[in-house]
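What follows are several structures.
Both complexes shown next keep chain A, but they swap its partner, so chain B is in the first and chain C is in the second.
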Partner chain A sequence: MTAAVGNPTPLRDAAAKVTGRALYAGDYSFPALLHVKFLRSPHAHAEIRGLDIAAARQAPGVRAIAVGRDLPVTFGILPIRPDETAMAVDKVRYIGEIVAAVAAETAEAAAAAARLIRVEYRPLRAFLEPAAALAPCPPEERIHAASRHPSNLHKEARLRFGDPEAALAGSPLRVAAHFRFAGVTHAFTEPHATVAVWNADDTLTVISATQVPHYLHRTLAKVLGLPLHRIQVKKPALGGGFGGKSDPFPHELITAYLALRTHRPVKCVFTREEVFLNNRGRHPTEMDLALGCDRDGKLTGLFADIVIDGGAYSSFGVVTTYYNGVLMQGPYRIEPFGFRARRVYTNKPPCGAMRGHGAVNPRYAVEVALDMLAQEAGLDPCELRERNVLPADTLTVGQLRITSNGVRECLRAVRARSGWDARHGKLPYGRGLGVACGFFISGSALPILWNRYPQTVVHVKLDFDGRVVVFSGAADIGQGSDTILALVAAEILGLPLERVQVESADTRLTPVDLGSYSSRVTFMAGNACRSAAEKLRQAIAAAVAAEKGVAAAAIVFRDGQLVTADGQRLASWDEAVEIALAGRGAFVESGHYTSPKMGGDFKGAGAGLSPAYSFGAVVSEVAVDPVTGRVRVVKVWGAHDCGRALNPLAVEGQMQGSIHMGLGQALSEELVYQEGRIVNASFADYHIPTAVDTPEMDVTIVESRDREGPFGAKEAGEGPIHPVLPAIGNAIFDAVGVRLFELPMTPARVLAKLREQERRRG
Partner chain B sequence: MVQLKLTINGFGREVLVQAHETLLFTLRERLALTGTKPGCEQGACGSCTVLLDGRPVLACLTASVRCGGKDIVTIEGVEQNGELHPVQRQLVAKGAIQCGYCTPGIVMTALAFLRENRRPGENDIRAALAGNVCRCTGYAKIVEAVRAAAEEMAR
Partner chain C sequence: MAEAAYVVAGSLEEALALAETHSGHYAFAAGGTDLQLRRQQELEAAPLIIDLSGIGDLGGVRAGRHRLEIGALTTLAELATSAAVRRWCPMIAEAAASIGTPVLRMTATAGGNLLVANRCTWYNQSAAWRGAAGTCLRNSGDTCLVTGGCGQCYSRAVSDLAPALIALQARVVLRDAHATREAALEDLYLADGLHPQAQPGKDAILTALRLAHRPERWCYRKLRRRDSVDYTSLTVAGARDADGGVRVCIGGVSMSPILVSAGPGDANLPALTAEARRKCKTVDNDLLPLSYRRNMIDVFLEELWRELGENGHERRTGRVP
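So, the complex of A and B:
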């Protein structure tokens, strides 16, 4: 039998992509297309006193100009605090914020006209650092005057279970450190692009590089004042997201608005610099962390105080704030446990969700602290971790429900494969090994919007042609979700993969999926697809059973055939289709998924809840040059428990991509600001590891077979990143004996630590 | 405007271009060859790589007016008789394509590289790809695919 699930499968659209046929948003063109260019704020914080578009309107080729007052309705990805507008209305809040937009016959004409727009600004006090922004100030000085707080605080989240401070004070061993993390950004290769078409039937089609067609659909309706049923959002081929395309964005709303106003197709393509200005990357973070254990290495408590620098708008910030705290409560048993996390508005491009959302920086802190404890306790770092990992089928201190859990297998795999026991602590000076673990959600159990709909719906259609078409709103952003859905349907129906086709992410054709964020798609859409395909299988089985006089339950679907349990052929797939469709025609079966109810009943109990968690471990080997401070990662061993690898090729790819991205944040990536301006807003100056910088990787897939995941599957797209950064930091300690509490671990920072070490040793 | 004769994927075309126009713009906006991707338009990502008289160049940094009479191959011209080139076939088979936005540039870079390097080692391949940013794959499967393509082509 040729199973579909579990086979290493190239992504369905790979051939289209490798030949240049795949169309990304920026590749679309339509007759009479207009192009949009933006005027952006040169001020970090300023009142708009006047806006003169007269000269721009007269410029050649200009067809429409939009300004803040044209689209004043506020929006945001989270309904709790919609604080964005499509363009700045009364004031600008960061350098690069869109103030006006021009639609013209060519991109060049639009850009030229945008330069003719005159804006009179009155600069306001700019808040560029969280510490200054946290100080109380009068409402008129604040970035958001409507804030409930007396400062620029956006969100404060606190949770505590037991008395962590007291436990830590009495703990036999205890470490505490202050950590700093620079902001980093997704740096997907495809710049944002959107094309909007106003159709002859008074409907709007928006083709956009988005991870969240559904939220964009809703936001377009809200901001443009159009009914939902007249809007179609389509996600074409998409060149990477990693969270950076998971907000509804100003440029998408403006492009759609200009199409509506001109009744012409309108296209917007960002420059790379604009992508940096749009940001939504990982928050610059400062964190105090204290962690304790007893002499046997059993953890005695954790407390963390965290400040994240949100930039000018809220975006996913409330979620990020909570995740920074709650996602420290695994993969170890840590009790008592507490944190305070604060997100602060500053006059910088907004931060948001990025791969490993909210948990990457605190994971670094926890895993480095664990290493320090291991040293104090005289325990091997792997051993200390093994003594504390959570079991399967348990609740964490904050009542996150853990089902399957392969963390121990992951740890053992990287320990064995890296030759840890023979090499850790024993390599020559300058060489070292470090270890870390991690875990992550497979989708948020609580949806962003409170309504009575399921979190995802999948339709499966079968007609006379014998093909099965899966309709899903899930957004394939390069991670391969279309392929996963095809694998699931093919597996259930016993079909070769080429019999299954997927229509996805078109809000006119496909039922709602909430989007590609929080690692939810394989788990949630996969389950919905499975359920829809099972209904179809039952319907076919019932029809064939009646026709052939066998019991429906005894019919097996495999290799494109229907057979009895003892292998006797009943019908080919095409024959079965004809039997099933006789007198009734095509089937459309529907499946859906909603997370089960779970979690505690305290405020904040929903944060971090997921129907399943992935687990992982990484060992990395580094070579540190004590003269230059340069760190070279020699090799990385990663293991990830994704429940079951529906497509092992894709799981490996996610693990390798995560290792690469983690390596970048660990060693070289950093958004550098001067007076609120990103000064390295280009690929030349923002240092993504190249093929030469990226080390050999050894990846191991661990399959714990989650009982609620589709065929046992959990997430694989984000969880693999968390252990990467601390494994590098811990390896540096093994190599040269210094602890890095500040990321990225640049040669200058490593060197400074080595000098300090020298001084201390005298 | 300047009139140019360009041979693109084996076919000669007359195009009118502006004096300052990049080859990337000419290919995408005037000739609808959208397989060549703009990633940075500053010469820092490699996604716009095409072959100019057989040599890889960054289309975003190449002035179209300097391409008159030259032979240009873009990703659309790599397949032969409807068959994927071994580099393309191996990138697909090894799972080296995720979002695929870097892929056309990787294919063009690898094509030129393998023409000069019949038995490349892993480090040579990595060095050859150092100008091509891929944010999805961590390069592992890309390197594997290029090596497999080299082996396939040597057979």
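So, the complex of A and C:
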């Protein structure tokens, strides 16, 4: 029996990527290619008084120069606040913002010419910290003068269910703490790159390293003033995104504009420093959190006051602001519940969406607070969590609809596999275990743009050659979505995987998928693909049934054959193809997916809504050196409920990748700024854990079989990260008795806590 | 990155002749791992690169009964795995193995590491970054961005081989177009962040390292955020002779490697620590916080003192076989 779904399957592009044959955006070349380099702002906040490109224009090899006024149309990933322009128009808002661009015959000539551009700036007051940015200031000082707020506040989100302050005041047990999180960035392998070609038929092709070809397509049309039907966006092989390639970006628009203007192909490849300047990473965050429980450990309420530092532009910020609050309402029953979350503009590179979007920092706070409550209540931290986890098929306090829920199984798995009961609280000084849980959306139920189209469409094509081609706009960014679509189609049609080919992320060929963000692709495109493949199967079955005189419903597709229920062979796949195509030719069947209507009837009810949620738990073991403060993570046990693992190899990979990324934010990664300049904009100085810093991992897949997911599947790309950080923080407490409220938990911070502990103990 | 002519020297004599001809307008490249980073950040813009890597007789480890010679082009990977080096004193191999990454160690050389450029958080940045920050003393300015002062540059000496080899009393062989001479390794360095290397001198090449001294015990420790890739934030290497004499060398926290030593009978931890504190001009020019790095100098010296004692034994310390 063919079993595509559930088989550990190497990703389709893996061999090409590891042997150097995969073509990334930066690998594309065309005759007469021009190269673009940028002039970037040296000021955090300044008015542009003058811009002189005369000398640059005369420089050798220069073919075109673009400045802000050439592309003044504003854009942004969220239609609610399009506050970006391709280049700074009247003022610059962060160090590194693009002011001008040069297209020249070589990259070196473009860079040399960019240096000849003279800009006269009038420095303005720079807002570098959220506290300063929150203070009222006159409009002319504000980063965005058009803001409705009297300060540099970008967005304030508040939700309340019941009276959490009163409940906490009356709670038998209550903990409160102030948490601080440094900004971190995605640090993917492949730098941003874009190649734009103006075609002979007056259409524009943009090949770009993007997670969101569809939104890039729309933004190109808006900013360049071209009709949608004359723009093609293609996403080639992509070397990691993690949210850092999920906005339409200035460099993509500028590169396309220069191709349009010169009628020559134009290419842009970022340096690593430029990738850091582009940022869109996780927001630096300050958070006050209070959480209470009764003597039995039942949670009595939660209130959080959160400030996130958005940088100079809004990006996904409105969503991030809400997610910081709403994604604390699981995986536990917490009622009453309330938060205020504020995002401020500062004169730093913009923050945006990053793996685990908006929920990673608050998850740390909640899980550390739970650990503190367990200690106060005299309960085992696993036990306290078990007493509060949400069941399946329920609504959270804010009416998020939970369907399948394997959080309890996840918690039990890591508890058993780590030897928790025998070891937690019992290891020698310096060694410790910590636990945490998490949950995450399996695709945002609400699209970014409100329109009547489905959230994803998949075509499945069958022609005389017997191959099945899946056409999907979904962007495989290394997470393996092409492989998932092939597995789904192969499973439905009973075909060996090699019969199914996937064409994806080319807006001229493939139907719309909204993109690879919010962990939506397996769930949504998977469902659409399943639906399209089922239609094709029905069509083939009907034709073969008529030819063979059997009931269509009785035909089974398996192992590349069509057989009856009792195993009698009716036709090989190729024979069935000929029968089905006779007199009509090729099939193209279509499937689509749109999230069901859900959610409450209040402002902000849509935030965090998803057709399904993944759940997870992590136990980590650490060794803390009390002399240097250094923390070594010895081992991590992770369990994740992804509904069903369509490709267990990819799910394990996502879990391991999440552990590694979480470890980085927990212990060593942070964007360090000095007066608005990123100090560590390189992989030498931005400390991603290396192979030798990475612990042994033990991952367990829990399958709760979601009723709405394709074959029961939910997400696995982001949810596994959330419990990782607090499990490390809680393990440090078990090891040496200090609570870390500031990330990353550097040796200096751990040591400072240990010294403070010594002083307290006298 | 500035354009540069690139010449692979076929012999030491050819390299030295080229250097003399282009004096002041070239850069030597051995492994090039440090040079390329600096070229990329436009900290190095010499119009000529003289590649030494093809000079056959500058590589390899030669072990005699009472002496060990290490060719300057010996790669760090070779040093880390050489049986002769380990037999002489495993600290050299430990130090080499702690540098960079496995891939970098296959290219980077012993001589290159000893002459690695000093580093500073405010200097080792792209041209655009430095332009936005304002010029520093080392970048044709008149004020230090770290201290606000205008006299002294405190860039950090970051060679990890240097502390180990200085503790082991290594000497270097220096050759120019006219002569060959030998010097104590510590004399290679100056406590001057702008000009941290007194030697090998104008248009000369460091060709080899010579060791004639084997301590009884040794200890090597390195502070950094990760266990790979990172430049050192603090390196402490120590060697103790049978007669009780101790040589400790500290890297990564001052403009040059800092040697603190005590003769037989004089060695004690408080004195060593006091001397180290006095000599190390540590400022806030690394990603690890200043107070923490200063604190760790004391901690590492304390550990080193313990490990150099009779009973000390740990992975990064040991008795010379």
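Note that in this section the second predicted complex is superposed on the first by the 762 of 762 C-alpha atoms of A that agree within 3 Å, B and C clash if a C-alpha of one lies under 4 Å from a C-alpha of the other, contacts with A are read in each partner's own complex, and residues count from 1 in each chain.
Please note the rule applied: a contact is a pair of C-beta atoms (placed from the backbone, for glycine too) under 8 Å apart; a residue touches a chain by one contact, two chains touch by 3 or more.
Here the structure is a predicted model, which means the values were calculated and not measured.
Participant: Of the two partner chains, chain B (first) and chain C (second), which one does A:679 touch, if any: first, second, both, or neither?
Facilitator: Once the two structures are laid over each other on A, A:679 reaches chain C alone.
Participant: Examine A:691 and indicate which partner it touches, taking first as chain B and second as chain C; both and neither are also allowed.
Facilitator: After superposing on A, A:691 lies in contact with both chain B and chain C.
Participant: Is A:627 touching anything from chain B or chain C once the two structures are fitted on A? First, second, both or neither.
Facilitator: second
Participant: Using the touch criterion from the header, give the chain among chain B and chain C with more contacted residues in chain A.
Facilitator: B
Participant: For A:481, decide between first (touching chain B), second (touching chain C), both and neither.
Facilitator: In the superposed model, A:481 contacts neither chain B nor chain C.
Participant: Where does A:730 make contact in the superposed view: on chain B (first), on chain C (second), on both, or on neither?
Facilitator: Once the two structures are laid over each other on A, A:730 reaches no partner at all.
Participant: Classify the contacts of A:660 with the two partner chains as first (chain B alone), second (chain C alone), both, or neither.
Facilitator: In the superposed model, A:660 contacts chain B only, not chain C.
Participant: Now for A:649: first (chain B), second (chain C), both, or neither, which partner does it touch?
Facilitator: first
Participant: Need the overlap of the two footprints on chain A, from chain B and from chain C, as residue ranges.
Facilitator: 271, 683-684, 690-692
Participant: Give the list of chain A residues in touch with chain C in this complex.
Facilitator: Chain A reaches chain C through residues 40, 42-43, 95-96, 108, 271, 273, 627-629, 668, 672, 674-675, 677, 679-681, 683-685, 687, 689-693, 746-748, 751.
Participant: So in the complex, the part of chain A that touches chain B is made up of which residues?
Facilitator: It comes out as residues 8, 10-11, 13-24, 26-27, 29, 186-191, 237-240, 242, 269, 271-272, 477-480, 649-650, 652-653, 656-661, 682-684, 688, 690-692, 694, 696-697.
Participant: Where on chain C is chain A touching in the complex?
Facilitator: 3, 37, 101, 121-122, 125-126, 128-129, 131-133, 223, 225-231, 287-289, 291-292, 295-296, 299, 303
Participant: Help me check something: in the complex, which residues belonging to chain B touch chain A?
Facilitator: So the residues of chain B in touch with chain A come to 28, 32-45, 47, 74-76, 78-79, 84, 88, 91-95, 97-104, 107, 125-127, 129-143.
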